[in-house]
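Right after this note come the structures.
Okay, so chain A shows up in both of these, paired with chain B first and chain C after.
And then the complex of A and B:
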């Protein structure tokens, strides 16, 4: 039997028996075979001593069981690590940040408690995945859309608490921003509801986010102050139509005006879906076929900007391109696309290409055939083809991890970030995965995304971890910070948010000590450690 | 009145744990249950369509010599299925017993081996 660090085996055995009394023997896992399933499948410490491992897992079915478990854990000072669906792959999966914790597996709490079609809201438990909610909506023919991240098996609650992102309109694709009301079990087993949920019998828990008094919801996001057992969300009403179109420009300096117009449209809500700036010329568009032999040869020569521009004009390969997406009626989406062409048409030589057009509702068969599902609120696992086996990639990777600093929404910022990291990679002799894609997830910033493959070779992983940490520090030197990260880098990222001698972290630690005096909940998550473990911070 | 939907349990899964893989006969009920398990947990990667990473990967691996869709395979065995479900492979992460219970796994095996030769 594994035992949490510092805990007497007898005390742990007593606690496990008490856990079994709460959830039943079948839902307490202690064997190596079962606990293997709680390792991070995409761990950058694969096979190394630092690999995070659970000492046990316990899977409650109700809020009351979660409360009872937390009381037992408090009594025995057992470190507890809650997961929702445990599919946060690339960001830790089902493994605890603090090795030896007992994983509180909430997957069995999978009830969709309320779906309000008229107000377009829902209330769910942590085990409900995007697939679950989508299937339920389809089965009941509701005119509601979900906004899903790349992994459709993710939890609505888990992804929102991680401040993950999706692909539809701005109010919904910020998953944390789209939440309305929470129910939380505190480390001592007490139960609180936030927002209007604090009023018994409130009629607007999922409609009015703020309730009365201090808005404490943020304490439970990217943190370790409570176990969220219910959460409400605003949903998107099914639009009548969807339309997309691509804007293509051919000179390097067009980037600046391209991004300015994009921001203008985003903030006016003319075009409000996730998109990214691509460079078919420099890197190839996302999911594009391999470059022509001529373009491949050109890239290999590392030519001047002028040579690139000459090639772009002669071969009709855009320097930059952006896919725009519109929601509304067929007429409204056509008008917005026409308006977009008018504004982007002020960039000399800009070209446009019509994209997809759909009217809703779609049949199941039609929805299944769509290749780019996420902008239509259809969950999939398509993103996991990145790094997977293909005819040109016969050796699939063992996962991935992402470095995604937040940079300003401007062409100048994209240019500077790309240059800083390109030069750093050259100096460090490294070559991270894929393309530097400035992605418009949030309304006012870009995410500049770099990927790393996960290997089962320790030396490869060590080098990638080292590069990742250097990137965190280099980004911070330029004022760019990570929005979210894997457990291996949580302390390093937290260190960069250091204004006034880490005043924010000191405040978080004061709150942690007050809310969780025994320091049992999710030690180390997002760099917040309980007092007795602060010296172990990496 | 607003249209409010209350639901008790969203998922069809949640069967009893601890059933040995080979204890469940491959009868029609278990095959049907296994089909539901497949559709819930496997289809998004291993189904039909150009955006299924598992199917795309197996197409690249076998080049058509073996069907890329798992539901078309006639060579799968319960042990083989268990190995992949509980260990994963490459980009595929393993599935915990709160996701695919042992009973669900047995049903899934019944479904994927229903036409085994």
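And then the complex of A and C:
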């Protein structure tokens, strides 16, 4: 039996017996076979001593059981690491940040407690996945949409607490921003409801986010101050129609005006869906077929900007393109697309291509046929097959870790970020995965995304971890910070948020010591360590 | 959701009812798992050969693309919500990655897995993990017969219901004519409830 660090085996055995008394013997896991399920499938420490592992797992079925578990954990000073569905792949999965913690697996708490079609809100438990909610909506023919990340098998609560994103409209695609009200078990077992939930019998827990007094909800995201057992969300009413269209421009400098107009539409909420700036000329577009032999040969020569522009004009291959997505009635979406063409048409030589058009509701068969499901709120697992083994990719990697700093929503920022990292990669002799193209996930910012494959070769992983940390530091030198990261890099990222001699971290640590004096909950998560581990943190 | 231990208890209950006699239980390969579906990825020729053989053996086959969303959402999930139901397949590793994790939520595990890697020179490397009788029988078959995908279908069709001693083998063999049309690595696998050989 594994034992949490610093804990006597007898004390741990006593705690496990008490956990069994709370949840039943069937829901306390200590065997290697069971604990294997809580390892990070994308661990950048694959097979190394530093790989994070759980000492046990306990799976409660109710908030009351979570409270009882926290009280036992406090009494025995057992480190606890809550997970919702454990599918936070690329960001640690189900593995604890502090190795040896007991995973608090909330998967059995999978009830959809409320779904209000008229107000377009829901209240769910942590084990409810996007698929679960989607299935429930379809089965009950409700005119509501979910907003899901890809893949869609994760937990609504887990993804929101990680500040994950989806693909529909701005109020919904920011999953943390879309939440309304939480129920939280504190490390000492006390139970708190935030927002209007603090008022017994409140009628607007999922409608009015703020309640009264300080808005504390943010303390419970990307942190370790409590175990969220219920959470409400604003949902998107099913629109009558969806329409997409592509804007294509042909000169390098068109990037600046393209992004300015995109930002204008985003902030006006004319077009507020997730999108990305693509370069069919430089990198190919997302899900696009391989380049023509002529374009492949051109890219291989690393030509000048002028040569690229000449090729773009002659061969009708855009330097930059953006897919716009509109939701509303058929008339409204058509008007928005027409308006977009008018505004983007002020870029000399801009061209436009009509995309998909759907009217809702869709039948199951029609939904199944849709290629790009996430912008329509349809969960899928397609992301895995895209990186999977195909005749053209016979040796896929064993997962990935993403570096995705937040940068300003401007062409200049895209240009600078691309240049800084291109030169750094050349100097360091590395070649990350993916397309260095700006993604419009969070409002008013881009993030630039670079990926590294996870290998089963320790030396390769070590080098990639080293590069990743260098990228965190380099980005911070330019004022770009990570929005989310894997446990291996949480401390390094937290280190870059260092204004006034790490005043934010010092405040977080004061709060941690006050709320969790025994330091039992999610030690090290997002760089917040309890007092007894601060000196030895990784 | 049922638990892994409930499945263990299911095995014990079967024995108690006399479905599995003492003599048979000591030879677990003679009591076979009842496969709900055999999953085939039509992108890959060996997977098609595997599926054809499985169908010939009377197993229900299901062709799925590498994206298993539809298979899981419309078929496996509703079935597994009723009770655990074993499946087998010859697919990409990515398909198995998804199906394995989805199966965990229904108290099932990968009981057998073989990686098949095409090598230069017309050879194939098989790396097998699973119950000893299955691994040994397949390893011997791969060495004498190049129709490895069909042999694998035979093995999963007769997969033992009770978990035996685990074993691992890696070997190289010749490719068959159908199986010659693939590159990289494919995986064959069985997912099912864990049923211990230990009686209670």
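Operating definition for what follows: the second predicted complex is superposed on the first by the 537 of 538 C-alpha atoms of A that agree within 3 Å, B and C clash if a C-alpha of one lies under 4 Å from a C-alpha of the other, contacts with A are read in each partner's own complex, and residues count from 1 in each chain.
As a convention for this text, a contact is a pair of C-beta atoms (placed from the backbone, for glycine too) under 8 Å apart; a residue touches a chain by one contact, two chains touch by 3 or more.
Quick caveat: nothing in here was measured; it's all calculated off a predicted structure.
Student: Both complexes share chain A, so when I overlay them there, do chain B and chain C fit or clash?
Tutor: Aligned on chain A, chain C clashes with chain B.
Student: Output check: A:105 vs chain B and chain C. Expected answer is one of first, second, both, neither. What do you get?
Tutor: A:105 sits against chain B, while chain C stays out of touch.
Student: Could you figure out whether chain B or chain C reaches more residues of chain A?
Tutor: B
Student: Let me test your reading of the model: by the given contact rule, A:26 touches which partner, first (chain B), second (chain C), both or neither?
Tutor: So A:26 meets both chain B and chain C here.
Student: Name the contact category of A:128: first (chain B only), second (chain C only), both, or neither.
Tutor: First partner only, chain B.
Student: In the overlay, answer first, second, both or neither for which of chain B and chain C A:38 touches.
Tutor: After superposing on A, A:38 lies in contact with chain B but is clear of chain C.
Student: Mind working out whether A:142 is in touch with chain B, chain C, both or neither, as first, second, both or neither?
Tutor: It touches chain B, and chain C stays clear.
Student: After the superposition on A, what does A:371 contact: first (chain B), second (chain C), both or neither?
Tutor: first
Student: Considering only the touch criterion stated at the top, classify A:117 as touching first (chain B), second (chain C), both, or neither.
Tutor: first
Student: Which partner chains sit in contact with A:87 here, chain B, chain C, both or neither? Use first/second/both/neither.
Tutor: both
Student: In the superposed model, identify the part of chain C that clashes with chain B, out of 24-32, 42-50, 114-122 or 168-176.
Tutor: Answer for the clashing stretch of chain C: 42-50.
Student: Counting contacts the way the document defines them, which residues of chain A are shared by the two interfaces, the one with chain B and the one with chain C?
Tutor: 26-27, 33-34, 37, 41, 87, 107-108, 131, 153, 368, 379-382, 384-385, 387-391, 394, 396
Student: In the complex of these two chains, what residues of chain A are touching chain B?
Tutor: On the chain A side, the touching residues are 26-27, 29, 33-34, 36-38, 41-42, 57, 59, 85-87, 89, 93-94, 105, 107-108, 110-119, 127-128, 131-133, 136, 140, 142, 152-153, 368-369, 371, 373, 379-382, 384-385, 387-391, 393-394, 396-399.
Student: Which residues of chain B touch chain A in the complex?
Tutor: Listed in rising order, the residues are 2-11, 14, 16-18, 40, 44-45, 48-53, 56-58, 60-61, 86-88, 90-91, 93-99.
Student: Show me the residue ranges of chain A that touch chain C in the complex, using the header's touch definition.
Tutor: On the chain A side, the touching residues are 25-27, 33-34, 37, 41, 87, 107-108, 131, 135, 153, 364, 368, 379-382, 384-385, 387-391, 394-396.
Student: Report the residues of chain C in contact with chain A in the complex, numbered from low to high.
Tutor: For chain C paired with chain A, touching residues are 1, 3-6, 43, 65-70, 72-74, 77, 92-95, 97-98, 101-102, 104-105, 109, 118, 183-186, 194.
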